[in-house]
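Shared between the two complexes below is chain A, which pairs with chain B and chain C, respectively.
Here is the complex of A and B:
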């Protein structure tokens, strides 16, 4: 078995310098816009910052989940690409920095932080044991610590395996992943509730965590797919990447596009059908003014386009199509988060300006830089992983 | 063996590299041999149970549904509980045959055929209940939207109608899927049998299958497409069953997590049932090398996963009921856990959430007696889950003047026992008439049967 290990045809090469350059440029431009934004209109900037935060949580935490699920499920086909996902998970490290400005503008974002409003409102008063600043802070810190702890544990073992080739590390990571899963389910749910659902503190939906999770999976998968095609085009990965690898990513993107639509539709239909004012107002707010266009657009952007774009078997195997669709899906996830968050900022209609452009640039910059930093230091494929050869030789 | 897993090698899902011919022999043996005494004893038990159900149903038809415990305000008693339970049992089959196929899980091959059979029998059993629950089953034909002389048109906004569409589609696709998988096996049976009548029957059902390359190519294509069709059905059927509850405004029923929660619960109970039955099948028919302990362990992992998903949903419902600040909602959940039906609620929680936690331990996942007991608990728990959802919410109506305690009657229990009787009778007949493991698929996953891509 050790003989089969040694014939991986891989040499570590740094990413093209353009990758980090573009990443840094985007980061710089984005940062400047964001800083100006905070000076001109801090509330609007904070709302945008919240979208950015949730987007990066999606990429980072979603990727960490993908890493864990690969270990747990014993998946082989994805092993050669696990490093890409691991590098993307490193976005988790910057989450605290992104969260600080949001946290500093809690008052502008969250109605429930206004004590006088809470005291005057019977419903909010009832939620006070959960929705209060102290408990909120504790939760965020605990969640972040959990994510970072599992991130460091999983990636440390994986990295160590590059040199030691110790199968015991795979076993260790399987155990860590198993323990991670319940924590993942709870933290992602309550993060979604805390950061996003409580923007409308009167509204509630039990499926909300699952809804955010479905988008998270799409974002993490799409980012991985895009990067693996990018790296493969530049011959930075291994030899022998084939259609069947592409197909697996295409099929998963397609599956989770459907899963998102399923969850989104379930939530909508049940609220629409029961027609109770304590729930419907959330959807009605997204039906107000130009929001109606945006809401219908969500169906097209997040479901119709990726659905038909990935429906046929050849399209799931075509790297060009996959590259476009993965970028599209990342855009769709941003669009979705905007749809979830911004109606609280402006009830009359959509707001779009230079500030809304700056934050996505910053997001791309951060992801690219974090990825680039890791990719230039570490092997792009887990050379010591016992499943690697099988993964490279994978055929449907 | 647990400490020395070599991750660089693929583990075979069939143990011991048996010669292909011995697989034929092992799987076909129950069809060629006369049933033994134990088989007849088992059949006697299940048919007696079925008989009890028939008596219960006959009495219900003669005297009317007043024989049941259903009354105001609990209009949905056992029939709906049983319906949801049985539809749920069926879900493991479709998940194993369709979703695990798309995920290329080879360990599914040993258990897929049997699980698919259980799907079909479970759905058949389930369909009895809405039919009798409408009170006049002879009018059920009007649920089909067709232009009839009475100018009756269906109510497309009613979840009852969605159920008709969802369940009948599910049943049809499951049946076709099952049959398509059986065609190569029918051909094998045809080629082996020396009995003339059997030969005619197998020939008809094998549709002229010759095991040719072309046939296999078409077969693989059809199987993949059907798996694609069946995959959304795994989700849609129980989603729509959950809509029966969730589109209403009854506290405890109307909650947005119901669709995925019901799907997870259905897969949970379905896997528990499949695992229970397979433990007997592999022992009695000597399939221990085909349906291996590894396979059972994997099933137990899925039971653990889905059990925790269900637990997540219980927790979420409770939390949001409190968080929402809606008083009837809060009351409904406190009433579930601490009201007159608290006993049912805690049976549900301990069976569904607590008992599967044992599967965190590898020793327990691989211990047949323990896993059997846990899966029985899961089945009991999942039946109680539907009972808790249906009955507790209805028994506490919005007006305290219309509160009542639901007590099932003997007739209710008779029909419930009868449903188990029907299901297990069909299963027993299945084991003696059709190959309960897919011969063709198992052969393809035996060590050494795989084509090698490395040197062509």
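Here is the complex of A and C:
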């Protein structure tokens, strides 16, 4: 695990022990709350579990996408940070476990799993060939297998390169990434449709997959940004991390904040404009009771704050600002998922209690632990990557 | 006669790192009037050159925001105040659908405004000459080299020192840049025949293409396909209904929204007895009545109801509205004539609302009073 052959000055050091300790503590507290939650109110817990699941998919799958797109685009500037995204992508390994409770509470979550309701409903009957338990199960299993397969393929080659310094591995990974991309596009779209959009089986929005993707990108980028600043502050990365590196992450966060707003508004405007009852009810549900406050809050939390927080050029390069904004964006993504999922659970208004706190804690705990496990075993920068030096010396 | 004046000394560098370094050194050496030319913007250069942040951003902000507000105000005023029409069942002031337009106008105004500010304010348009133009230096820095110049009017400028300084930076192709007083005094090239000709040609081309696109191309296959829609318009056959009528009569027993059926279609006398004018002759009602009368009644009945039609015999002249018969009619009876028509006079129900009809009746009453005033009116 030494970097003797490379001319990068890097020594692998473990993360501060507080990192894993806090991660474990959060995981433990979260897990206890979650288990109690499942005993007291399984339906509510299942809905929260779904948010947790989608959040972790965002982090894991989004990070895997970032790894893939870096190989595919031949990006140089992000190579020194690829390990961070790779470690974050390891969250994918836990996804099947998180998905099990959701699968066990299908009847509480998904209206279309009730056969009598489907038979009595013309629309649902029409969608039955797609929305039925058997096909749903097959799809989810296939998605998970695809994600895990590409995760292991990509990270295995990357890890091997640390010692072998074999440039051919980069070429291999480029090919794998190229194959991954269409699979990614399809699986992220259909997993969003299956897990979230089918909560309201009468409703449909063709932009839904892209909407979820935009949030996914934000979550993965924000997690990467936060961790890279955290690691850099503790001198665990390489020497010479410069403003242009920061600026690139800041600019991407800013760009995807706008992308999210663009997609979210497009979805809303089309539905608002066409004004068809089979589409508008979804927004009306989020415009009634206390949900209206939450919906307006979404615009502020997910767009206004990050937009102005990252608008100016200096703020995109300031590590302190970036650290705060990336945590904020992670929170905003959770908020967004809550907004997408929870109105199905309670039409009357916002539900918030200790259970809603427990699941985010668990989420942070899982991400931190998975990251910590990987980071303590592997180099934090891909020391064998041929693009590494150029990436470290990157100037805009 | 041309008189060469020294503008500056220029040096060429090969990499962005070198030019950044050179800029920093130049600042350190105390030069203030110097400039850097690169084929693309280099990050960190303003800092290396010790420049203040550009003020151009403020111009963009002001222009952008004025675009946003203009768009918002124009749409609000047109759609909600001046000419409110219901579109797609939305409120007149429907903010969400304004957002895309506000966004576009913001971008447009900011872009045009910023470029114009740059041209007119910073570059002093129409002046378009600079001593560096058409030099070998400019050719290099606009393709793949990075250049630095130190101007001769810098207080610290000294030809020999500058040469030594450039050498210490390892600059290549160090050479002086001269300019002609003649060039500077020459009238701006903007009045050049070629330039004007180019402008005119562009104008003709753009308007020609626009004309062709909007007036010809849109009517050619396949672009004209957009004009055909599956919906039925007037006079078209329907394939859905057995009687093949495209325009459907209302379902029996229903009335359209906001429509009030008339109660006495065939009983003029009863209408005269029963119907009461709900309006009082206020200034507003009379003004409305006058407007409607002048529009719809005066062509036949004359401006003052004398039956002196403006139709020059193309339509039989109607009787005077000042006849004793009409004067003694109730308001309701006149309302009936407007609503149902009378013999060859057509009905005005589709042109006038109920309220407007009653206001017209008020005005007819006023006309009658003006010709046959009562004793009491004269007091």
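By definition in this document, the second predicted complex is superposed on the first by the 391 of 396 C-alpha atoms of A that agree within 3 Å, B and C clash if a C-alpha of one lies under 4 Å from a C-alpha of the other, contacts with A are read in each partner's own complex, and residues count from 1 in each chain.
Here is the rule we use: a contact is a pair of C-beta atoms (placed from the backbone, for glycine too) under 8 Å apart; a residue touches a chain by one contact, two chains touch by 3 or more.
Worth saying up front: this structure is predicted, and the values here are computed from it rather than measured.
In this overlay on chain A, chain B clashes with chain C.
Taking chain B and chain C in turn and counting the residues of chain A each one touches, the greater count comes from B.
Looking at the shared chain after the overlay, A:330 reaches neither chain B nor chain C. By the document's definition of touching, of the two partners only chain B reaches A:386; chain C does not.
Once chain A of one complex is fitted onto chain A of the other, the partner contacts of A:154 are absent, as it touches neither chain B nor chain C. With both structures placed on the common chain, the touch criterion links A:369 to neither chain B nor chain C. In the superposed pair of complexes, A:340 makes contact with neither chain B nor chain C.
Mapped onto the common chain A, chain C and chain B collide along 221-229, the only clashing stretch among 221-229, 293-301 or 347-355. Comparing which residues of chain A touch chain B with which touch chain C, the overlap comprises 269, 273, 395-396. On the side of chain B, the complex with chain A involves touching residues 5-10, 102, 104, 232, 235, 239, 243, 246-249, 254-260, 308, 312-313, 316-317, 320, 323-326, 360, 453-454.
Every residue of chain A that touches chain B in the complex is listed here, in rising order: 1, 4-5, 76, 122-123, 126-127, 130, 167, 170-171, 178, 181-182, 185-186, 189, 202, 204-210, 251, 258, 262-263, 266-267, 269-271, 273-274, 276, 278, 385-387, 389-390, 393, 395-396.
Note for the complex: chain A touches chain C at residues 243-244, 247, 265, 268-269, 272-273, 275, 395-396.
Every residue of chain C that touches chain A in the complex is listed here, in rising order: 16-17, 43-44, 88-90, 96-97, 99-100.
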